[in-house]
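Note that the chains are named A, B, C, D and E in the order they appear, and that numbering of residues resets to 1 at the start of each chain.
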Amino acid sequence: MEVVDIRPMLAPGVSFACAAMVFLFGRNTNWRRFWMLSAATIKMIVVLSMLPGSLRGVVYTFDLVDFTGGIGLGFRADALGMFFALVSSSLWVATTVYAIGYMRDDEKRVRFFGFFALCVSTTVGIAFAENLLTFFLFYEMLTICTYPLVIHYETPEALSAGRTYLTYTLIGGAFVLVGTVMVHDATGTLSLGHPGILDASISPGRLGVIFALLIAGFATKTALMPLHGWLPRAMVAPTPVSALLHAVAVVKAGAFGIVRTVYNVFGIELLDDLGFALPLAALAAVTIIVASVIAIFQEDLKRRLAYSTISQISYIVLAASMLTPFAATAAIVHFANQALAKITMFFVAGAIQRTTGKTNVHELAGIGHQMPWTMGAFTIAALSFIGIPLFAGFITKWYISLGALESGQWWFLLVMITSSLLNAAYFLPIVHLAFFKPARGDAVPVKEARPTLLIPTLVCAAWVLLLGTMSEVPGMPFSLAEAAVRFVFRM
Amino acid sequence: MIVMLWHNIDYVASVVLFSIGLYVVIAKENLIKKFLGLNIMETAVFAFIIALGMVEDGRPPIMTGDAQGPFASPLPQTLVLTGIVVAVSTTALALTLIIRIFRRFGTIEANELREME
Amino acid sequence: MYAWPHWLALVVMTPLAGAALTPIAALLDRRSPPWWALATMTFTSLAATMLVLRVFAEGPFSYLPGGWAAPYGVELRFDEFSAVVGVICLIGWMAILFSSRYTRSLPEFASDRSPYYYALLLLNLGGMIGFAVTGDLFNLFVFLEILSLSGYALVAVGGERIAEMAAFKYLLMGAVSSVLVLFAIGFLYGMTGTLNIADVTARLGALEGPTAPAAVALALLAVGFVTKAAIFPLHVWLPDAHAAAPSPVSAVLSGLVVKLGVIGMIRTYRIYYGAGLFDLTVLNHVLMWLGAISIVMGAFFAIFQEDVKLMLAYSTISNIGYIIMGLGLATTYGVIGASVHIFNHALIKATLFLAVGAIIYRTGYRTLSDLRGVGRAMPLTSVALSIGAISIVGIPPTAGFLCKWYITLGAFEANQPLFGFVLVFGALLIFVYYIRMVNAFYFREPIHAEVTEAREVPVSMLLPTLVLASLCLIMGVLGRIPLTFIEPGVVRLLAPLGG
Amino acid sequence: MRRPIAIALVLLSAIPLVVAVAGLPAHGDPSAPVHTHVSAHYIERGAEEAGATNLVTGVLLNYRGLDAAGEVTVIFTALIAVLAILLGTGTTPESTASSRGASDRRGADRESTVAPVSPIVSFVVRLLAPFIALYAAYVILHGHVTPGGGFQGGAILAGLFIALAMVLGTRAMQPVARTALAPWLQGAAVLSFVVVGTVGAFLTGFFLGFPAEPPLHLVRELLIIALEVGIAIGGAAVLATIFLHMEAS
Amino acid sequence: MSLTFDILLLLYLVAAALVVAQAKDLLAASIVFSSYGLALCLLWQYRGAPDVAMAEAAVGAGITTVLFLVAIGRTTRREK
């Protein structure tokens, strides 16, 4: 059932307005905080208010402008988009609180928070994009809005990282654009409201080019290997930005694009017939393993997390390209699972850096005693990534494994197991170091991180537990994912 | 055959003059010379247009009472009148620029100017 | 209101009359020329608005000066492409307003030069308007000369060191291309005995005998107009000329004057498509390739420029490449995209040049490294500049996007995917140099005190910049209006192709 | 290095041009389209429709009046362009006259263009001046009947002015160029088209229209003469001013 | 007779154009250009275009040449 409703447009609109207010009247700290927090809250309320309807199967749509002949800006909150929007808007609240604490003494706060709000605005825009053009629009805006955040410190290193970031993502964006044009040329429509708009009447060669273009374009933001080069370098950004890039916005936008390509542009049946999904799955599998191996050797905590992100985000790609209902559920649910766990970890890394100034893994010995709450949150996230039952990550791995069995491709199971082991290999040493090793050298007494940093961390960690234990409870995001899967598989 | 060629000689001459002018514009370095070349190109085109409007044994298109045809076509002549004005305007502007360039750089040879730039 | 027929005569004659009266106005009051020019353009804009409304409501219409029927007298014909007069008036108005303060900073710009500067601007605008609305080949040439001559002089008027040389280079190439156009008109006249564009088309279609003259005339017209439009390899005059001119003039030259070469190409196509004498595939392919080379080359050169205005000038070459490529694609989408890009690029480039002009006016610097950090000192101007930059790269929802989208669609429609790729990746190259600019303006520490202390420019300069910048956004969001507006014209242009 | 490229380019363009002119209707052929289409109408009806026995004038001012308006605008543009480039550079006639006083010998020497004028030439020019002016007036006012017209006459006047300037020294002519009337004279051609065009619009309903009904033939004649005079004054003033400014630079 | 006259005039035009092209002395080139204009004027008078001939004589051969002379006087006479 489709209902015309302004809320899908309102959601990105709120953060857009917030950005405008911040840019215009952001000099005053109190007003800025007021705008940021109230916009984050309002937006979450707007998204949440659509949740009951979405669970009932209602799709909210709103067409803003029609340029001409089916090319226009439109918003559409279907189950898949709702899921992504829910994740990003709820995490925006957490990140905002955290960023207010983290960026307290920064000179360029106005610019930072303005673009920060714009980023979230565009992310929700991506989630609610009705067609590929709107998707592309927000996708490019996201690229541009994150650039000032990446180069925030304006050091030569940051500027160079920013250049790398732009080079990768803009070239990716160009691929997406050409792919989009070809889709329009082939079908005359760009709508994402169907389980597949391309059909078999188009020559396989052309479909192959479209698939390659779209996937290559989205994969640059997803940081799928070998297109991952920008992500570790972008770690020079302030920590809330890294959290945003990795957990909520940029990488997820790419993954969401791949999911949309697979489910809404091509559709399950067509891709199954064409057999394009298998190479993509193989690529994802390789990325999962290789990135994990690289992560083991990273000394810098944030860089280790970066490679971990590359590995984890590929779960979504892998699951999406399996083309079975169980795997699809895993792909969608992983948006939330990965986001919460990863954002927790970045919050922790940032909190440690702000409180103690430490960035390297080996310096963390004994820190668990000084900052028990923070490191506790870290442990929860780590266990979730490894895939221990009761934690959110387990759900993903379980459903991917079910999907692997469903599709009869046993080697996916092997990938899952290897990946879990590797995750353990690079996360557990940190936990071990933090809690079971004495602090080395001049142990300056360090207290727990300040509340604005700690509370968001703990909230996210709690959600990791909550998603892991109570995902089947009606009303939890899981049921939304199932609704999305039903639509995609026409069940 | 030869008579035909002689009859068409105006067109051919226009093309020859046009080519000479074009050659001067491209090959010569002196700016004034370039502009002399451009003027030759322009007059060549004028000659071409006037030749278009000419008639065998034609008279000027002036309709005094006793005038008998055939008359040359008046339209090409008006075009060329306008063209001449355009040509002199362009020349005046170009020469002014050349004088200013000479004041500034002390030369009007294109190759020397390129080095100074 | 818009049905009054005389608007079409007024829109042509008002700026010319205004120009003739400007030195006289200066006699009465030395400070009056800018305001007089502004008043003239205001009235012209009114007329242009009426005309655009009328063509939107009724389709193309004619005006017959002197009342002589079409092939015997000169016909003014206003079609969808002529709607460019709207943009000409808008940008002209803004440039004049901008100039009223800007010219005070020019070297050698003594106040006694001022009336002639405004007269030249008015003549330039009037020439462009006449060029866009005339339906007669020779009249086209006359207006081409008015706009070219005034254009050459406007380049030199600022008194930059190389201004006169740039102007001369422009003049030489422009004059040669004018001669070529006149030669071609001579050929067409010799074959058909008429100068009216519609009549030439019809009689050329019914032509008996050799077609070689028509082919050569086409080649001459193409070379002539492509030179005016500054397409590779005939672009060499453009960068210096547009960089040396005063910024409001650059806005007019880069935004409008080069576009008239494109309009000339459209008129040429109208004749030859309509006559159907021969297949234009070869010409189209040549134009596509030249367009593609211009896109890449213009963008590539722009990347290495330190001088902001030179950078913008090279980006003009790149963007004209888009338009010419769209024309060469010869598909509905491609030509619609190209035609609308004529309008949109004019807005965008004018925004950029005015914003840069404002910055130069305040700081006196014009290279990227000198202008570091200016974004903080002049926030509003810099925002306008950024909007322009985003638009010209073609990032939605700005004005530049839809055109590029349409031209890319056209490339696929014409089964030339290669050009689709060139276009999209050319846009990326363009982005690279605008990123350099934004980086320098916003994210670097200033190295000059003038930059840190720069204040926002006065309203007469800020207003045009901001209005144009917001139009870049509005035209992006309301992109459907120009697209649907131009569509009938394009369909009519291409109708002989589809059979 | 430039020469071979130039020759190649010129040949490359000349060959198609020769082929093209060979394809045109035979030169002077009365059955060519040039003579049978629009021109035939002019020759047949032009004299009575346009009100000028000299069809060239008739076509220029009447049938294709907008072309003529454009033409005078072009030359006006040239003047404005020259002024815009030269003014303010310290080389205007005014500043030359004032700054290069009698003490500056070089300035005095440079007043005439090429070489000192011999007394005989000087005498002849002065002697002929009134006759040339008379001839110019005839060419202007009789342009719609006999060969000639406003622009030709204007050019002759300008030529006379230039000859006098060479003979008498440019400084003697400066007062003419400096009058408050100068902008009016320079813009005369364009303005006369605007005025006559507007009058025509009121009389006939078309811009630049000339009333063709027999009772108004005198009006038509007057309008055409007004245009011719305007063009002549404008053309002469523009060319003379350009000369003076270039001379003084 | 007429054809011979034609040919002679046209030959003169081409020859004058060549001289203009090759002369190193710009003053000489300008004067030859003036004579070229007068020859054109003659040709056009003969082609039935007296109006154009008059304009060319006054403007093309006259004023244009004077402007060239002024420019040469203000710059340089020799072409390098």
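Heads up, the rule we're going with is that contacts are C-beta pairs under 8 Å (C-beta built on N, C-alpha and C of every residue); 3 or more make two chains touch, one makes a residue touch a chain.
None of the values given here were measured: they were computed from a predicted structure.
Novice: Could you split the other chains into touching-connected groups, assuming chain E is not there?
Specialist: Groups left after taking chain E out of consideration (others unmoved): just one piece.
Novice: Where the contacts of chain A and chain C overlap, which chains show up?
Specialist: Per touch definition, common to chain A and chain C: zero chains.
Novice: Which chains lie in contact with each of chain C and chain D?
Specialist: Intersection of chain C and chain D contact lists gives B.
Novice: Quick check for the class: compute each chain's Cα centroid; which one is farthest from the centroid of chain A?
Specialist: For chain A, the chain whose C-alpha mean is farthest off is E.
Novice: Centre of all protein Cα atoms: which chain's centre is nearest to it?
Specialist: Ranked by how close its C-alpha centre lies to the overall one, first comes C.
Novice: Out of B-C and B-D, which chain pair has the most contact pairs?
Specialist: B-D
Novice: In angstrom, rounded to a whole number, how far apart do the mean CA points of chain B and chain E lie?
Specialist: Centre-to-centre distance between chain B and chain E: 10 Å.
Novice: Provide the C-alpha centroid distance between chain A and chain E, rounded to the nearest whole angstrom.
Specialist: Measuring from centre to centre gives 78 Å for this pair.
Novice: Centroid of chain D to centroid of chain E, CA atoms only: how many Å?
Specialist: Computed from C-alpha means, the inter-chain centre distance equals 18 Å.
Novice: Between chain C and chain E, tell me the centre distance in angstrom, where each centre is the average of that chain's C-alpha atoms.
Specialist: Going by mean C-alpha positions, chain C sits 37 Å from chain E.
Novice: Hey, what residues on chain A touch two or more of the other chains?
Specialist: Not one residue of chain A touches more than one other chain, so the list is empty.
Novice: Could you tell me which residues belong to chain B and also touch two or more other chains?
Specialist: Those would be 9-10, 16, 18, 22-23, 29, 35, 48, 51-55, 58, 60-61, 71, 75-77, 79, 81-82, 85-86, 88-90, 92-93, 95, 97-100.
Novice: Send over the residues of chain C in touch with two or more other chains.
Specialist: Chain C, residues with two or more chain partners: 138, 142, 145, 149, 152-153, 156, 164, 189-190, 195.
Novice: Show me, using the given definition of touch, all chain pairs that touch one another.
Specialist: After working through each pair, the chains in contact turn out to be A-C, B-C, B-D, B-E, C-D, D-E.
Novice: Quick one: which bits of chain B touch chain E in the complex? Just the residue numbers, please.
Specialist: 6, 9-10, 13, 16-17, 20-21, 23-24, 28-30, 32-33, 35-37, 39-40, 43, 46-47, 50-51, 53-55, 58-61, 71-72, 76-77, 80-81, 84-85, 87-88, 91-92, 95, 98-99, 102, 107-109, 112
Novice: Can you list the chain C residues touching chain A in their complex?
Specialist: Per the stated touch rule, the residues are 390, 395-397, 401-402, 405, 408-409, 412-413, 417, 420-421, 424-425, 427-428, 431, 435, 439, 442-444, 477-480, 483-484.
Novice: Contact residues on chain E for chain B in the complex?
Specialist: Interface residues on the chain E side: 3, 6-7, 10, 13-14, 17-18, 20-21, 26, 29-30, 33, 36-37, 40, 43-44, 47-52, 55-56, 59-60, 63-64, 67-68, 70-72, 74-76, 79-80.
Novice: In the complex formed with chain E, which residues of chain D make contact?
Specialist: Chain D residues touching chain E: 54, 56-57, 113-114, 139, 147-149, 151-152, 155-156, 158-159, 162, 239, 242-243, 246-247, 249.
Novice: For a test of understanding, state which residues of chain D touch chain C in their complex under the given definition.
Specialist: Touching chain C from chain D are residues 16-17, 19-25, 32-39, 41-42, 62-67, 69-71, 73-74, 76-78, 80-85, 87-89, 92, 180, 183-184, 186-187, 190-191, 193-194, 197, 200-201, 204-210.
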